[in-house]
Structures are given as structure tokens and as C-alpha cells.
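Both of the next two complexes hold chain A, though its partner changes from chain B to chain C.
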Partner chain A sequence: MSAAPAQPTSAESGEIDASLKVPVIVLLAFAILWLLGASALGVIAAIKLHTPAFLGGCEFLTYGRVYPAALNALAYGWGMNAGLAVALWLMARLARGTLPSGGLLIVATVFWNIGVKLGVLGILAGDSNSITWLEMPAYVVPFLLVAYALIAAWVLAVLRRGTSPYLYVSQWYVLAALFWFPWLYSAAQLMLVFRPVHGTVQAIVAAWYSHGLLGLWFGSLGLALIYYFIPKVVGKPIRGYYLSSLAFWAYAIFTAWTGVSRLAGAPVPAWTQTAGRTASFMLLVPLGIIVVNLFLTLADGLGALATSMVLRFITVAAVVFVLCTVRGVILALPSWAGITQLTWFATASDYVLLYGVFSMAVFGAVYYLMPRLVRRAWPFAGLIQVHFWFALIGLVVGVVSLSLGGLQQGRDLANDKIAFADVTAHALPYLQAATIAGIILTLGHLAFAFNFVKLVICPQHRAASAAAPLPAALTVPPPELQATAR
Partner chain B sequence: MSAIPSNSDPRLEAAAASDDSIQRVHAGLLHTKPEPEPGGYALAPLLLLGLMSGLILGCCIFFVQNRGAFDPLVYNGHLNTKPGEGPVVLPPEQIIAKGKSLYAQTCIQCHMADGKGVPGKYPPLAGSDIVNGSEDRVIRILLHGLKDPITLNGATFTTSEKMPPFGPGMPGGLYNYSDAKISYVLSYVRSDFGNKSALVEESKVTEVHKQVAARTTSWTMSELPASP
Partner chain C sequence: MNRAPLIFLGAFLALSFSWAGLVLSNQVGYGTLAPHFDDTENKAYPGQLPGLSARGALVYQDLGCVYCHTQQVRGGEPSADLARKWGERESYARDYLRDTHVQLGENRIGPDLRNFGARAPSAGSPAAAAALYQHLDNPSSVVPGSTMPAYTFLFTTRKISGDPSPEALAVPGVPAGSELVPTERAVTLVTYLLGLKDTYDYPVERRLNTPPAPKAEGKK
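Now for the complex of A and B:
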């Protein structure tokens, strides 16, 4: 690349954001469309759990199809598009490299989304292959892998072109996640769909993939954003930063092993379950360091929480990360796994990481990065508030109701004096509460989407912003971070 | 410290630090441990070291106690061989599965996949008086092997090879099967090919093994204890 143009000397100068504008907006637009689609499918699935007759006449919308469709739309539609968008933006900024040309990246994004659309429609049409998180039919898999590689390659390209001599902790997590996802996805597809392994090894591979997708892809990207935005908004360096590399490696090694712990009591070799449980316990090491890193830094500037919506989203993500890792440790204890296994409790645990950590962090990041890409302010401050509170309340209500419902369900199932029909009946109020949570979340997503659309395409908002002078937040670079002796 | 920059407008989100300075400052911090106060000591690294050491110790103990003998057929981590508690106890279907896999590695060469052997050369296991007869006798044959000629169910079998010894340390034996393995393979042949005899316990093999520990040669038909 001898003819490469000179790279900007500062990430804040606007050249990098300008080069990323179209591709990141396209990725985010697809992500938000999928978020709305997944919300609608998810609410339908949630209603069907307590009111089975709802839309009962429609073959495409039976529970067994609409639930995995919602799950896949959320993970691969919203999660992958949004994850790649923030990964690209974060990497370009921190590596200080512009994106050479957006054309191919946009084509790859369109291909990825065609693949996901075929996959989700395939599930609704009955082609699901019934492996959790991998329900999309085999014919879209090559499509998705190629499109992913073509998108992720650009994130590596901006790192390669960048001039920054430093690698910040967020870049470690982004870079690792970029390689972990194709490894997890291709290995799981090969061993479960294309050349299925024999017997219960399939269950081990499926558990390894589920946990890996959640922890190594969504969890890593969430951590990358949290590590970036806390010093960015608080204006203080990460406390105990020298420990963060230990946390990174410990998180990487142990998360990859934790998957099998979700097979407690299954007919898989006992030592694999034990290894998974042990790895879950060992996650307390990176967790302890991450708590020191993040929360001591937050404590240095708690005042910022009063004004910054970004920091509120990020803080929720950080708190949920801690709670959900602790939850993983508790669930790995054999006595707990016996109750919670195969109940709503386990289902809730998966959503906590995907929604509470990853999605919350991405929401925060999008509220920060979009004004810088389009060089306009968000049209409605109120809708950001609405989105935050609805997301938080929906998350808490959903997780608490599914967890309590799951505990009730697990205790009932273990009690041979309770008929199975009664077990289901006892769970009903919790499932109804979960539906309400889903509706609250969906309202929040609508506020988010409306604000996004207005920001990007509304001509009046555009004209009004163009008429006024650019606000200082977009023109004056942020102050220098002061290294404090600690 | 300077005041946090005003961030009054959530529609814009002013940042409090530039990306460039975040990276520069943290690159320095990555290799700088906080210095304790003069005369004091830093508590955090000690606490972390304690937490990690405690966790590693606890996890090692947990792993060893629940390792299930690292056996792919043990599904329950509590079924471990602990000192003084005797061998791993497997459920019958796993014993037979293990025996079947041993059979497929060795016995199958002469006794064939259907357990019918080769007429005149290798005796059948299906419906055999010896296989379905006394446990003592068939354990002895497995441990030390059996010389020609063999009479079974009224027929005579003669080959250039004898039934080889499977017990550990037998002269001319290549297999060194433990008592457990012998019990698995015997349990299998006594429950397949139409045979419906009881499984052979590992403790029974050990008991017989002790009785014949001094023997170094293969059995002949006449030396063996009489039929059931």
C-alpha cells in the first residue's frame, strides 16, 4: 500500500469518523431493523407461552418456529450488525486509521443481511435444524461466513493502516472477538450440521458454541465498549490498568471452557462437566480485576452519571456483566444446577448477557458515535431518556420474572407430588410478566429507532442543524486525559 | 483536577478525554504498578494474589473430587475411585458396552462377530456350556488361556493356536487385562449371542485370580473344575 494517504494524527479530528460514516450507518440501520423484527417476533413468542391460541391458525408463527426466529434475528441480525459496526468504529478510532473505501464493506453488509433474512425466513418456513443458537438452515451458513469475513477484514484493515503506536485494552477484546466468532461458528457448524459428530459429543459442542457466542463474542465486545467509554466519559484513567491484561487472558481461557457446565446431569463424561464448572469458578479472577478496573474508575467520577446518558447505559452494562458472571458461578454449583437446569432461569441467563451487557453497551456507544458521524445532534433528548428507562425496566422485569419463574418451575419439577400441568400453571404469572417486559423493551426500541431515523434522514432536522453553527462538542477536541499518580 | 467538562446535552455527549490521550496514558500505566506509600504496603495486589491462590486451590480440589476417573463412560462425578473405597462401580449397560468394545479388539478374530466361532477350529461362544457355565471355570480360562484339544457341547476343536492368556503378566500373554477388563468382556459374552447368563463381578475375578496366582501355564480341559 505505497500510495496510502497519510493517516490522521488525531482520532478526534473528524477524518476517521467521516470515512466511517456510510458503512457504520448502514450496519447500524440493518441492526436496528433486526432489533425491531426480533422484538416483534419475541413478543409473539412470549404471548404464545401463556396464550397458545394467539395467532394459532398461522403455521409460520407456531411457537417452535417463532421463538428460534426471534433468537436468531436478535443474535445474528441485531447482535452481529451492531457488534461489527461498533467494532469497526472503535478499531478505526483507536488505531487511528481511516477506512479506505466503504463500497465493498457495504456490499458485504448487504450480503450478510440477505443471509440472515434467508435464515430467519427458513426457520419460519420450517427448515430449522433445531440446535439452539444455530437454528438457521445449513444453506445460509457459507453465505454468512463469507459475508462475515468480508466485513471483519475491514476492521483488520483499519488496524493495519492505523498509525497509533499503542494498543488499548478495548482493541484486545475487539481483535480477539473478531477471530473467536468465525472459529466458534465454523467449528460448531462443521461438527453439528455438516459432518455431525456422534452421540452426546454433539451436546458438548452445542453447549460450547452457545457459551462461546455469548461470552467470547457478545461479552468481549461489551467489555471493549465498557473499557473505552468509562475513561472517555469520566475523564479518569482506568484504575489498576496493569492488571487488565491478566483479566483479558483469564477471561479468554476460562470462558471457552465454561460451556459444558450447562450440561449438568446430562449423559456426558463427568470430567467435562467438572472442567466446565471449574472454569466458571475461575472466572472470578478476571471478574475481580474487571470490578477493580471499572468500578473504582467509575467511583472517581460518579458525577458524570447525572448528565451522561452514554455513561448510564455503559454503567448498566458493567453492573450486569458482574451480576451475570456471579450468576454463572452460582449456577455452576451442582446443587443449583439441579434446580435451574432446563427452566426459564437458564433461558434468562442467556438473555442477560446478550441484552444486559452487549446491547446496553452498544446503545450507549451509538448515542455517542452517531452525532460524530453525521455531525448533528440527536433530534430528541427525551427519547434517549425513554429508551434508557424502558430498556432498564424491561431488562429488570424480564430477568427477575424469568428467574423467579425458573426457580419455581425447577422446584416444582423436582417435586414428584406436583402434576406436570400444575408446574406449567404455576409458571404462568411469571411468563405474563415476561411478556410485559418484552413489550416495554419493544417500546424502548421504537424510541431508539425513531430517533435514529430522524437523525439520519429527516430533512427538517438536517436543515435546522446546518443553519446553526456546529456545537462545541463536535468541533472542540476533548481535553487530554491526565495520568494521575496512583 | 480540572472540572469534568460540561456534558449538559445528551443529544451530543461531550467526552471528557480524547482517544489519543487515553491510549497514551494507558500505555504508560500498563507497565506501572502503583507504588505503596513509604513505609506501607499495597493491599490490593496481595488481596488479588490471595483470591487467585485460594481459587486455584479450591478449583483443583473440586476438580479432583469430581473428575469421574476421567472415564468417558462415567457420567456422575461422584462415582470416583477414592482410596479404600474400591473400584469404580459401573451400571450394567456400561459394563456390557465396555466388554463389547474389548471383544471387538481381540476375541472377534477367532470367535467371530456373531460369536459362533469356526467349526472344528474355534469353539463358539453362542450357547456354549463353558461360557454360560461356572464363573470359576470361565474366569480361569480367560486368565491363563486353554490348550487344545477343546471339547464343547459334544464337538472337538483343534487349532495350531491355543486360546491365549489374558491375565496380567502371564508367560506368552500379550494382553495384560486387569481383573476389571476380564469381568467386562466375560459379562459381555455371557449376555450377547443369545446367551443370558449373569454378569461377572470384578470382585469374583479378583477372588479366582488369587486362587490361581501361582500358575504359569495354560489350562487343559481335564485340569479345569468340572462343569457347573
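Now for the complex of A and C:
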């Protein structure tokens, strides 16, 4: 982190952090538990793809159960808990509002997690809806919506109590994402599960939801964190900040439309597929602005990359965001879609956004915010390095192997001379590589979880804390720097 | 701070725009598409799923078959679905009216199943079910190298009382005096799978979906 002025607001942010401490730690603890659970389920699913006899004969661990269980544990267990934790923290920090007593918030968090747990167990037990990202059975939906509303209301309460005269662009993304998720989720549940629409309109609703969840919830929160941390850690204001609102609106309008590009070639109206394709291209507009905003700012302080693990995670998230948007544009081209649709290539695109953008940004944010909440440094700095490299290598190996495997699969499928058994056989090495990637990611998660647990409960660290000043390494430029251009 | 309501309104409008544009317009456009009544055959297509098949569709759903098997036949370049004999024609939106829960699928880890009933081994004869039971019980015994899970839990070994069951699987390893028979779920699932066929060629769809010029993208 670059040389920066002392914090003029340190007392105030100390007060904010103190009010956030317990609720954010509870949300993150649940998130990390789910991350480990999702990793285990994901690795089991990955192994089954090339070694079907692994844990075979066990009904609740068949691929068709364990894979959606892993997806939902990752999205609603890890993703929502972690997303709400960072949304709460970011909102409080930027609005400079303290959290009103958080007892109800913790109750709501527990309820959310009971809901997800019932949902994931329901999938394993065979109550799945078999709609990607919406598998959790209908009986947990009211649970989840009520718990979500209670948690999101606290984020808004923090905003209302805030004293900051500004609404930063990070807050725009958080505010919008908080609102988009329940809108998407309730509309999709209503139209697919509770009162299903007829025929392939269902596929359109499902595509709209999938992409909304990934782009508008996970993508928006990832962008909020990236927009906050790059200027913060680099210590320079966002370049071209005035353009960021334009990027926000363009991203908001086009993202949900791009969802139907995943239906290329499906039995849905051709104009719908064209609309999705067009929207994918239109996303280049916000992408261009975001690149200018973030990478020019980053270029002002590249040196910080050498010292700040937070910035490394955030930079990976920013780079992956760019790559995966460009990937979306390429996939929307009809000549590519014909090969990549219905293969691992298309499936991998979802993981890229959820893991490479959102989760990487959250990892960075957690490494930044936790020491400030508990007022002591991470116990094992080396484990942060381990986590970073394992996450990065696992991500690259996983995405590259699934993408290459998907291309192979797509080309094989398009050639009717290749028997289906050979299509399967050709994909096996790539799927084995993906399993290795999953194991690497899981090891990284274990390092992360161990460090987190030690930080929160380790007694010898606790003794030294109390009213001790913030460790010198944690001082950072004041938050106002983010928007000096305004 | 007072801009928060504006952001909310804008976020609401942005998502409403995509919802109205994609979901609502398609629901209005073809959400009320009706089955086609064929006067010569005096029958509506696609017909309702028979009760046993409808229950099998639920088994298909709870086992998560959709994660490996698509149910959509694509035409045009570069798709080889028709050449692979996965269907006589590409799928039309109208084909899915009989499905309460449309499972198009997203990844072809296994072959497409939309017309499985039309192309299954010994389709149309009673032996088709027996072949499929064996496939579900032990996929790699039927397709060497298959990565499909063995759904052994859909079958149960029981003592033969009276006449042996006609559905018993002819597999080795079953103790003498016992037989391996499909459970009720296996029976419904197999009925559903063998009923999967979109062989009826809708006159109206053929006209709408056949590209006029040879140089077409193959999208409907």
C-alpha cells in the first residue's frame, strides 16, 4: 500500500467497524462453511464425471443430485452470505453509517442458512426442481425470501443512518443488486415453480434468471468491490469517475438481456436469440468504461500489487471480469455458439463469473475488512499467499481445461462420424484436469478458512487486542479518495 | 444520499425492461400456443403425457438427468443432431407443450434424449424396456466406457414367489431363487423415456421453420 496520509476518520470508522463486527463475522462464518461444503460436493461431482463408480450406488450422491447441490451451496450458501456481508460492510463504510443493534440481523442470517441447508438437503434427497440455479425445492423459497428481506433491510438502514453526502458508484451497484435479487428470484420462482408457464417460455425465464443471478447479483457485487478497492488500495481517485455512472446504467440495462444468448439454437423464437446476442455486444459499452475506470487507476499505482494481497485478489477479479465479458461476446457469435452451446465451454462461463469475479473480489475484501473488524492482523500471512496462488491456479486450470474440453466436445458432437462413446472418451482428460483444479481450489479454501477461524477465535491474539491501535500495516488512504473527481 | 430512490427506480426499470422484453413478450407471443389438432387422425399433437409417463418425468427430474442429457434437437449448421439420428427433425416450441416442466438441458455429457423412445434399442417391442432396465442398472455393461452412473438403487432383489417376474433383469450375480426387478420408480422412468418421441410433423411448423433459402443460419 502506498504512502498515505493518516486517517482523519479513524475514530469514526472504528465506531462503524465495531457496530458491524458481529453480524459481518456471522455472515462470513456461514459463508466460509458453505464454501467448504460446496467445495467437497463439487469435487465429488467432478470425480464422478470421469470415474462414475466413485461413491456409486448411493442415491443421494449420484451426479444428478450432488452437482446441483454443489451449485446451490456455492451460490446461495457461499455467494449470498458473503455477498450480503460485504454489501453491509461496504455500505456502512461508504455511507459512514453505524449498524443499529444487529440482533435481528443475526436471527435473519441464521434463518437464511437454515433455509439453504434444507434446500441443499432437499436436492440431495430428490426434491430438486432440476432448473439450474433454482433447484432448491419450493418449500424453502418463502423462508429464503423473508430472511433475505430482513438482511437486506439492514443494509438499507445503514445507508439511511449514514452521514456521507455522497452516493458512490460502489453503492449504486450494491443498492441495485440488493433489489435485483428478490425481483429475479420471486419472478422466476413464480413463473417456473409455483405457476409454471407453458412450453419453452420456461427456458426463457430460466435463462433470464440464471444470467440475472450471475450478472446482476454476483457481477454487480463484484464490480462494487472492485470499484471500491482499486482506488482505495492504490491511493488514487478513479480515473474518469464521471463515466462510471454511464457504465452502471448500461450494465444494468443490457446484462439481463444477454441471458437468452445461452439459448442459441434452442426451440425459442429466433428474435429472442438475436436480442440476447445484441445485448452481449452492447455490454462492450460498459466494459470499455469499466476498463478505463479501473485499469487506468490501477496503472497509477501498480507498485501496490507487490505488497497488497487485497489488491492482487481484486485485480484478478477485474481482469477476469473483462475476459469473461469478452468471452460472452465471442460466444454470442452464431458460428461459435453452434459449437460451444450445450458443452462444457458454456457451462464454464458461469463458473468464471461466479468464482473468478465475485469470489475473488470477496476474498480480497475479506482479507481487508476482517483485520479492521477484529482489530488485529491475520495470524498467518503466508496462508494468504497460499490461498491466492491456489485460487488463481485452480481457476486458470479449471477454466482452461473445461473450455478446451468444451471445444473438443462441441467439435466432436458436430461431427456425426464420431460415435458418442468417443465424444465421452475424448472429454475425459479435460474432466480429470478439472477435478485437479477443484482439489487445488479446495486446498486454497481450507487455508482461507483456517486463517479466518484463527483470526476470530485464537485466544493469544485476543489477549493482545482490546483497545490496541490498528496495526501500522493496515493504515490506508481515506475513503474520500474514491470520488475526488466528483 | 437523496439519489438512492433514483437508483432504485432506475434499477427497477432496467430489470423490468428485460423482463417485459424477454419474458412477458414471449409469454404473450407464444405462451398460449395450443396443441395442433390433426383432423385426419382425429387426435391432438402433442398429446398429454399418460399418467405413468408423467410420474416418470418426475423421477427424471428428481434424479437430475437434465444435467447430462439435453432434450432438444437442433437443425442447421454446424449441428449434427439430425445426422446422429437424434431426431427426424429439429425440435419445435410446440413439441414441449406436453411437458409440465420443460427440461431442455444445458450440457450434452450424454446423448440427447428428446427422441429416445423412437430410437431406443429394439424400440417399439417389449424388449426395449428390458434393454433400458439393464442400461440403467449397469450402463457400462451396455455401452463400454460410459460415464453414466449405475442406478442400482432403482432395482431391488427379492425372493421369487410363484412365477418369476416378466420384468426381471437377466444379469449375472443374482442369488438362486431370487430375482432383480425394477422398482416402481424405474418402471415409470422407463415408460417416460420410451415415450419420448417427437415424430409428428406439424404442417404449420414445417412451413414456419423451414428456411426459404439454402443459405440459412438454421435458427428458428
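What we mean here is this: the second predicted complex is superposed on the first by the 452 of 486 C-alpha atoms of A that agree within 3 Å, B and C clash if a C-alpha of one lies under 4 Å from a C-alpha of the other, contacts with A are read in each partner's own complex, and residues count from 1 in each chain.
Here, contacts are C-beta pairs under 8 Å (C-beta built on N, C-alpha and C of every residue); 3 or more make two chains touch, one makes a residue touch a chain.
Remember, it's a predicted structure, so these values are computed and weren't measured experimentally.
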Combined model on chain A: chain C and chain B, fit or clash: clash
Which superposed partner A:G56 touches (first chain B, second chain C, both, neither): second
Contacts of A:T347 with chain B and chain C, given as first, second, both or neither: second
Which of chain B and chain C A:T132 touches, first, second, both or neither: second
Touched partner set for A:F363, first chain B, second chain C, both or neither: neither
Partner chain(s) touched by A:S164 [first = chain B, second = chain C, both, neither]: both
Partner chain(s) touched by A:E12 [first = chain B, second = chain C, both, neither]: first
Chain B versus chain C as contact partner of A:A270, first or second or both or neither: both
Partner chain(s) touched by A:A421 [first = chain B, second = chain C, both, neither]: second
Partner chain in contact with A:V234 - chain B first, chain C second, else both or neither: first
Chain A residues contacted in one complex by chain B, in the other by chain C: 164-165, 266-270, 273, 275, 334
Chain C residues within the chain A interface of the complex: 1, 3-4, 7-8, 10-12, 14-15, 17-19, 21-23, 26-27, 29-33, 60-68, 70, 72, 74, 76-80, 83-84, 90-97, 99-111, 139-140, 143-153, 217-220
Contacting residues of chain A [partner chain B, same complex]: 10-12, 93-94, 96, 164-166, 168-169, 228, 231-235, 237-238, 240-245, 266-271, 273-275, 277-278, 281-282, 284-285, 288-289, 292, 301, 303-304, 307-310, 334, 367-368, 371, 377-381, 384-385, 471-474, 477-484, 486
Residues of chain A that touch chain C when the two form their complex: 48-50, 52-53, 56-59, 62-65, 67-68, 95, 126-132, 159, 162, 164-165, 167, 172, 175-176, 179-180, 183-184, 187, 191, 196-205, 208, 212, 216, 249, 252-253, 256-257, 259-260, 262-270, 272-273, 275, 334-335, 338-339, 342-344, 346-347, 409, 413-416, 420-421, 424-425, 427-428
Chain A-touching residues of chain B, taken from the complex the two chains share: 1-2, 4-34, 44, 48, 51-52, 55-56, 58-59, 62-63, 66-77, 79
